[in-house]
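In what comes next, chain A is part of two complexes: it sits with chain B in the first one and with chain C in the second one.
Let's turn to the complex of A and B:
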């Protein structure tokens, strides 16, 4: 009975939040704004990268590193979208919409709610990811051949990866929850750091050893690697010894660890927020 | 678990807010918002909490609605401990805060409300029907497709009011629900609240308000609180009757700037308030006996004031408040710069 009720709450929270998130994110009412934020921004990120390669790298776009970097960069669009997105959701709901307290006073599973909002953000990001990949394939010679794509690996990476990113987001959300004053920067800053550390633009073996070690400890690195293999059939030199199964195992395992960590941290943050009266905090400035 | 039949019960509730060091420069570092608050509300009651600004009304509601933990003391809602059983409590409650502009701006009124009903697992067609009915009550029926960011403050407030009743909660917290609404709407909502409770006899409402007549009209019992303490708690009628042994007069005085010396400081005046109107001062004075009136009238005249009218009247809840708290609601509101 209690169990069933809890499951009902979780599913409703997730479903409703996804619907809400989609309404907010897609904002089709204003296609121009939508296009700017959801497509042009990530696409221009890819173009900057292309430009960098064309100018700096020895072989320009013909560099053997380019396809891997391009794919990593395209998939990385998900990272700020979901990870920063979830902590933004807390700020937005609390301070901008003034709804967080009503969400809390309702029978809502807040973790499921946040994940739902993250899924909506991921859906919108998917549009940008696909467009970027198409651009790479059709115009820049990134060798993705539709017939050769390893779909099971794509599916595994997508499912596990979204869970992992959402959990990362919740971990950050826990910080946001107890941070006073507007703090939209946390998510963005973390995403920026991950961009450098997870082998997106600089393959890990080009980083100083201690930075490379940090990168190796981050599941996002393996997640990007899984996509490189699935889409390009090639892998970064530093992971050549790792089988696909091991790769997926690492992502799954770290997601489990993250889940435990995120849940605990978020519960602690909630308790602290309730103690300090932060659930309905309004920043005055 | 279900410890009693009360809808709400609190036991020695205390809440202290600590200001951050650098924010509290020169000010008090600690604010005691609630200082030993104990009361209980039966199922089916409409219980009012009255008090001046900063009395601790909202703090009480936040604790009961599981948004804030008490510093010490305990509280039960629907028989469940709000601190240890907060998740379960949330299945039984609803909350509306007045003077708020919350809502997802991109959604329409209907979408906002429907979304909220989904958290409670209310079927869509049931929800839509209720939404239409409730929107008609608050006069927003023809605006259900309007996006929230196109609504006036009062309209958002009305939508929030609807949100509170939409889920038909067992226990509903209304924190100044008519704040900032026009007189007509406030009147309609008061009518709706008492009608709703008459229709749903097992439901309970805890209402905070500054409008004394609102509390008098609606509440089966009221608690008057000030500085985090309950000063009186009973049915409005009982509280008023207790005052009847005193003499309450209303004087309208022209040509007098301030009645503090001429009335307030006179012997036999136990409480008084003044409000300014176009033609002079309206002064309400609670006297210990009729006999004290002579002295008051004499001193008003001596101060140059001209008596326009004089009326002895029945005690109102406002008088009770004045008597118990020691100063009027209006005085407080003006000092605080609100309303």
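Let's turn to the complex of A and C:
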């Protein structure tokens, strides 16, 4: 009975937070303006890469590196969206809307609430990812063939990757809970580091060996590799010896470790925030 | 009793508003991480793209210079254009409005403080980037380079003051609008590649943004051989256009501030929060 009630609270918290997140994301503009806003940013990011390759690569967009880089960049749209979406919720609710203390006072599962807020960002990101990939396929010669896509690998990467990113977001939410507001959120900061370290826009071996080793220790690197294999049918030289099953296993294993780490860190941060009175802290310097 | 002159009040306001950005910000040391280390990460990512395709080292210089100048653009967006929105949200805007001082002085103080703060960040990006990636820079004309740099900043912050006035009317859309102007402007201004690659028409349209011409001129002056076929206009022509943009933006900012303040008062938007 108690278990069922807890499940009910979790589901309601998640569902309501998703709806609330969607409203916050989208209701500041009419749907047309919002659609343009959601697409212009990621497409511009992709076009920066296109022009960099067009200007300097020997074969321009025909460079063998370009498809993998383009797909990596498109899929990476999810990373800042979910990481920043979840961790920034703490800041936004605490300091902008002043609602975090009320969320804690209500019968809400806070972890489900935070993930729900991240889902709203992920939905917007999904549209941007799909359209960026379409642009690449239809206009830039990125060789994604619908019939040749490895759908089971796409499904595994999508499901496990979403869980992994959400858990990463919770971990950063724990940090946000006990830190001040800065110009950038912790989520954007970490996403910037991951953009460099995970070989998103260049092969991992281009990095100095010690930085490449850090990249190989990050699950997002394997997640991007899974998508490159599934969509393009090609794998990066650094991961040539790794089977698809091993790749999915690494992402799943990392998610389990992250789940434990994120839950423990978030509970510790929560306890500290309650003890130090940080749930309604204002640090808008 | 005679109070201070309008001129004295103007400059006190400028200093007062610049103070938190020049002195106050130094008290929170985390800015070193957030303002220098993080932007350096994205610059580094773009450097490795050029390394992966074995581009000449001058292209890495383009990225480092673009990364440093992008710091000014981000400062204009988030600490000038959106600033009055933040002030509204934190309850300071009403105090600015009722204070017996010039609103232009407040904007000027914000701009000067922002230029100081961002110059620290830009210098750090250029110094670390140059040392880390061995960028070969050789200025062909230091006076023109300095002239272009200073004029770019005046025009850019003039534009920021204009946007700031416009954003007086905005609610949450101010945040989204600033967010929207990041990547698209990085693209059309050629932060990470020569703007000429976009074609003359797009480059000409993007010249309304002072940073487009400023970057192109500075790249020509620092990497003369490399830019060759990819130069947009000559640096002196670009300096002339930048000077014109500086005058126009400052004039428009002055007019827009009065107009939008009146409009915001009439529509009751000066004190609406959490919109």
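Assorted remarks:
Simple rule for what comes next: the second predicted complex is superposed on the first by the 270 of 285 C-alpha atoms of A that agree within 3 Å, B and C clash if a C-alpha of one lies under 4 Å from a C-alpha of the other, contacts with A are read in each partner's own complex, and residues count from 1 in each chain.
Going forward, a residue touches a chain if its C-beta (ideal position, glycine included) is under 8 Å from a C-beta of that chain, and two chains touch if they have at least 3 such contacts.
Keep in mind that this is a model prediction, so the values were computed, not measured.
Once the two complexes are laid over each other on the shared chain, residue contacts for A:65 go to chain C alone; chain B is not touched. In the superposition on chain A, A:227 contacts neither chain B nor chain C. By the touch criterion defined above, A:203 reaches chain C but does not reach chain B. Counting residues of chain A touched by each partner, chain B versus chain C, the larger count belongs to C. When the shared chain is aligned, chain C comes close enough to touch A:47, but chain B does not.
Looking at the shared chain after the overlay, A:97 reaches both chain B and chain C.
Once the two complexes are laid over each other on the shared chain, residue contacts for A:37 go to chain C alone; chain B is not touched.
Residue contacts after overlaying the shared chain place A:16 against chain B, while chain C stays out of touching range. Once chain A of one complex is fitted onto chain A of the other, the partner contacts of A:275 are limited to chain B, with no touch recorded for chain C.
Touched by chain B in one complex and by chain C in the other are residues 29, 97 of chain A.
Those residues of chain A that touch chain C in the complex are listed here as 28-29, 37, 40-42, 44-45, 47-49, 51-58, 63, 65, 69, 96-97, 180, 182-184, 188-189, 192-193, 195-196, 200-203, 206-207, 284-285.
Against chain A, in their complex, chain C makes its touches with residues 24, 28, 30-31, 33-35, 38, 41-42, 44-46, 48-53, 55, 59, 78, 86, 89-90, 171-173, 176, 179-180, 182-184, 186-187, 191-194, 197-198, 230, 274. Those residues of chain A that touch chain B in the complex are listed here as 8, 12-13, 15-16, 19-20, 23-24, 27, 29, 97-99, 101-108, 271, 274-275, 277, 279-280. Residues 17, 62, 65-69, 86-87, 90-91, 93-95, 100-107, 111, 115-116, 118-121, 163, 167 of chain B are the ones that touch chain A when the two sit in their complex.
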